[in-house]
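Letters A, B, C and D mark the chains as written, and numbering starts fresh at 1 in each.
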Amino acid sequence: MFDPYSIRQEFPILQQPAYEHELTYLDNAATTQKPSRVLERILGYYQTANANVHRGAHFLSDRATSQFEQARQTVERFIHAPENGQVIWTKGTTEAINTVAYGIEHLIDPDDEILISSLEHHANLVPWQQLSFRTGARLRIIPFTSDGKWQAEYANYFSDRTKIVACTQVSNAIGVQLPIKEVIQHAKNVGAMTLIDGAQAIAHYPVSVSELDCDFYVFSGHKMYGPTGIGVLYGKTDALESLLPCQTGGEMVLHVTYQATEFNILPYRLEAGTPNIEGALGLAAACDFLQQHDQEAVLKWEQSLAEKAYSILENTTDIEIFSPKKHSTLISLSVKNTHIMDLNGYLDSKGIAVRGGSHCAHPLMAQLGVSGTLRASFACYNTMEEAEHFANTLLEAIELLQED
Amino acid sequence: MFDPYSIRQEFPILQQPAYEHELTYLDNAATTQKPSRVLERILGYYQTANANVHRGAHFLSDRATSQFEQARQTVERFIHAPENGQVIWTKGTTEAINTVAYGIEHLIDPDDEILISSLEHHANLVPWQQLSFRTGARLRIIPFTSDGKWQAEYANYFSDRTKIVACTQVSNAIGVQLPIKEVIQHAKNVGAMTLIDGAQAIAHYPVSVSELDCDFYVFSGHKMYGPTGIGVLYGKTDALESLLPCQTGGEMVLHVTYQATEFNILPYRLEAGTPNIEGALGLAAACDFLQQHDQEAVLKWEQSLAEKAYSILENTTDIEIFSPKKHSTLISLSVKNTHIMDLNGYLDSKGIAVRGGSHCAHPLMAQLGVSGTLRASFACYNTMEEAEHFANTLLEAIELLQED
Amino acid sequence: MESPSLSSIQAQLQACHSKEDTFRTLVTLSKTLPRLSNDEKADEHKIKGCESAVWLIIEHNHTDFPQFKADSDAKLMRGVLAAILSLVNGKSTTEIQAMDLSSLMSSLNLGSYLTSSRTNGVLAILDKISCR
Amino acid sequence: MESPSLSSIQAQLQACHSKEDTFRTLVTLSKTLPRLSNDEKADEHKIKGCESAVWLIIEHNHTDFPQFKADSDAKLMRGVLAAILSLVNGKSTTEIQAMDLSSLMSSLNLGSYLTSSRTNGVLAILDKISCR
């Protein structure tokens, strides 16, 4: 069996108490903790290499530039990008999606259609909605059931009007995996572009963008053991080239006069301004961390934690569980007549960090008929004791809060 | 006199060699080095507080949220923002300017005019140029001399058609200060908005946005001893409120349905997605660092370094200096018949880091009649020996390169 | 149940020495807050930006002493509301405007139930209460 | 001055044990690179993305052995160009296409004159040279 205890050694934050309890961190879908090597990478950069990248010609700027571009290659290999220069650094998933939604505006006609699933995070919904407002194109929602099944004949949704299909790989709110391979295939059949939101997948599943063959794939560093403030927009070269840069300025230009600006080549064309260098290096270190462990075994472990919590809770009256019992790395539920935030508060008072609320997915909450859910999400450093402790403490909370 | 040697202790990177020489880092206008306390702040955050901010309700998220919002207040106080919530976190100066240039698009008519100075960095030029392309508004350039004087009667430029005036406080390419107080006053006289690019000012000059009374003030963390990937868009509340958010997604919404999205209040409305939390904390630590020293004395010191280099070089045939002798924290020059990049290369081979090139200011280079300049830019940790070493080594380089 | 006085609430919260104590005290306090009717829970009285639903009504009744009523669908928030209202009920508009509500709140020993301001929307509530 | 052979250039660069040595060697090498005429320095021959101006001309002359000519306004870059051209001049198109130019370049011991690729645009030069 997989051993989370040795991995925990790499995460100093998990060794501290929360109030007078041991900290039980189960809010990993919001953000993961960072292993020492990511912190050392950032520190090492500032202690031995820091300089502005690309334009300089001196000892430090050479170092910084080559480390920065090596980090890009590390990430490209990590997601199996077919070519170099297909990874664009962004602030995170949100910026990556916005970059595409803005960048393709010039390609959108009023009678085009934009497709998203009904399980999207606001980050993969609002940018498309606003794009549809600006262009007149129609935003259409493919209704998936909460167990990730097509609710309707897909043929009703995909047509030659479909310009782009944006779909999450894993739902952050209820942990279910969507059939993205099929989604991408249907999109290709009608000649539509595809964007996959990998924010919740990248820390758990091996990802090969060349196998998926999507046009864009996006994710955030902070949800895969990397730093905040850095994320990735992967794109096929021609897809990236079709994007109008949404930000302009230094780095992304070749030549500027007052009358005209000639933009730079990819990937720089989509990276205006000084990049988040420490973030890129930290994210590359996080890729190394993930690859150093048996990703298959880690995934199985995380799923077994969610399943354990599920089996403790599934037969309790009043508890409704929205996440799948198997193949999910999180558990998401609500309790009748008991407010999520009260449960959340009780768990917190015992040192257990979970997330209660709508998980930035209001329309999905409406589909589920709840105002929010309580979500415990697992990472490689979580133990079986923690999964059990969460479930048992939740039962305690329900009892206490339903007292009168 | 001010003592840079004690400050150097806080910068481990300066203690390492470059090739077989001591490192002489004079590329501070590109990016500064980071004091230990900034690195410790980032490390400390990840070791004791890391969580996603705002929406969570647990031990770590409370900590992270309050540290993150305290960092905002630290920066607000640092620039003397009149109210709380007027500092918006961005990736850097470039993103801050783009946020405004995109955000005011809906307010721009084809017969409006956008004013910038002739000394701008591409970051404060290309976004306005692209805005003028999109809206039909006219981009007008106020021609300043390279010593920061109005070249023409300002009345020719400011009119009731002027919608916004964007102007740098200090030129990154030639170190001169622009008369921004006058610029702001002229703009106010005609009812135009104002944006000041403080990227080159913020590390050297005490800044009070309430005294300046500009609508927007922008800068980057990495040029003021803070991390990369973080910067600031300060705005007056009503000015910020007039901006259409250029990025949408989580954090910046209150309520989302497929039909409509209600945006959040400021400052969150302009901060889509998980923010760069470590960056914000590191930037706040950099403000503390700056405030802990006598800013007036630091400035005088930096100016005296530039002046020393200036006086060693000013009487050399073939050298043309573009930066002011006094009141500049950098020296920027070119050498007749000798290529900047060759000089740059020689200095580098001696461990001296300077920057040669066009400094992301092509139109200014055209105005100066050169293809680039060599720039040595000073920070609080630079010593008089370093300034002299730079100037003397440059003389050596000229001799060597002009040999035949 | 009668609304407990400010001093009694203060005493109860001050006596809490752990997050668990505070949790239980707030749940107990929540029982002292009268429920609003369904009519009163109208959208116009709803405070935006809270993870739990919060309604706040300020009745002026032609006197200088506004009457505050509040409710929430979450117990913890009802407890917090009971504490907040005890600070201002019975006070005149002038008195309330002179109060530094947020530092008074901090003195209640509510700890992180206040710091995560966007989660529970306490700031928005104080804003509305401060009558400015 | 006659163009030095690849092996002589390799020997000179390999003998450099410091950044300063390499600097001086490149400056010396720069003197071996024939200048282009002003006509040849046309915009169409200019390589984009270099901080120094670089012109590169490939003449095919109806043979299978392309002739490479290059120039720059900077000496360091002229030295680098001399080194690059020594790799390919005299070779056939087929031979050049089979070469792994960037690893050959790395073997020249040019160190960071190659790594800061966007500064000196070496990558763009190699791209154009590789005849693909």
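Convention: a contact is a pair of C-beta atoms (placed from the backbone, for glycine too) under 8 Å apart; a residue touches a chain by one contact, two chains touch by 3 or more.
According to UniProt, the chain labels map to these proteins: C, D = SufE family protein.
As the structure is a prediction and not an experimental result, all values here were calculated from the model.
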Intersection of the contact lists for subunit B and subunit C (SufE family protein): A
Longest centre-to-centre distance from subunit A, chain (CA-based): D
Separation of mean Cα positions, subunit B and subunit A [Å, integer]: 31
Gap in Å, rounded to a whole number, between the CA centres of subunit C (SufE family protein) and subunit A: 37
Approximate Å spacing (C-alpha centroids) for the pair subunit C (SufE family protein), subunit D (SufE family protein): 75
Centre distance in Å when subunit A and subunit D (SufE family protein) are each reduced to the mean of their C-alpha atoms: 44
Contacts with 2+ other chains: residues of subunit B: 19, 55-57, 59, 61, 341, 345, 348, 356-357
Contacts with two or more other chains, residues of subunit D (SufE family protein) listed in rising order: 51, 119-120
Subunit D (SufE family protein) residues touching subunit B - in the complex, by the definition given at the top: 18-20, 22-23, 26-27, 31, 51-53, 73-77, 113, 119-120
In the complex with subunit D (SufE family protein), residue positions of subunit A that touch it: 54-57, 59, 61-62, 65-66, 69, 254, 264-265, 268
Residue numbers on subunit B that touch subunit A, as the complex places them: 12-13, 16, 18-19, 23, 25, 27, 30-31, 33-34, 38-39, 42-43, 46-52, 55-61, 91-95, 97-98, 102, 121-127, 129-130, 139, 141, 220, 222, 227-230, 246-251, 253, 255-258, 261, 272-279, 341, 344-345, 347-348, 351-357, 360, 362-363, 366
Subunit B - residues contacting subunit D (SufE family protein), complex: 19-20, 339-342, 345-346, 348-350, 356-358, 371-372, 400-401, 404
Subunit B-touching residues of subunit C (SufE family protein), taken from the complex the two chains share: 48-49, 51, 112, 115-120
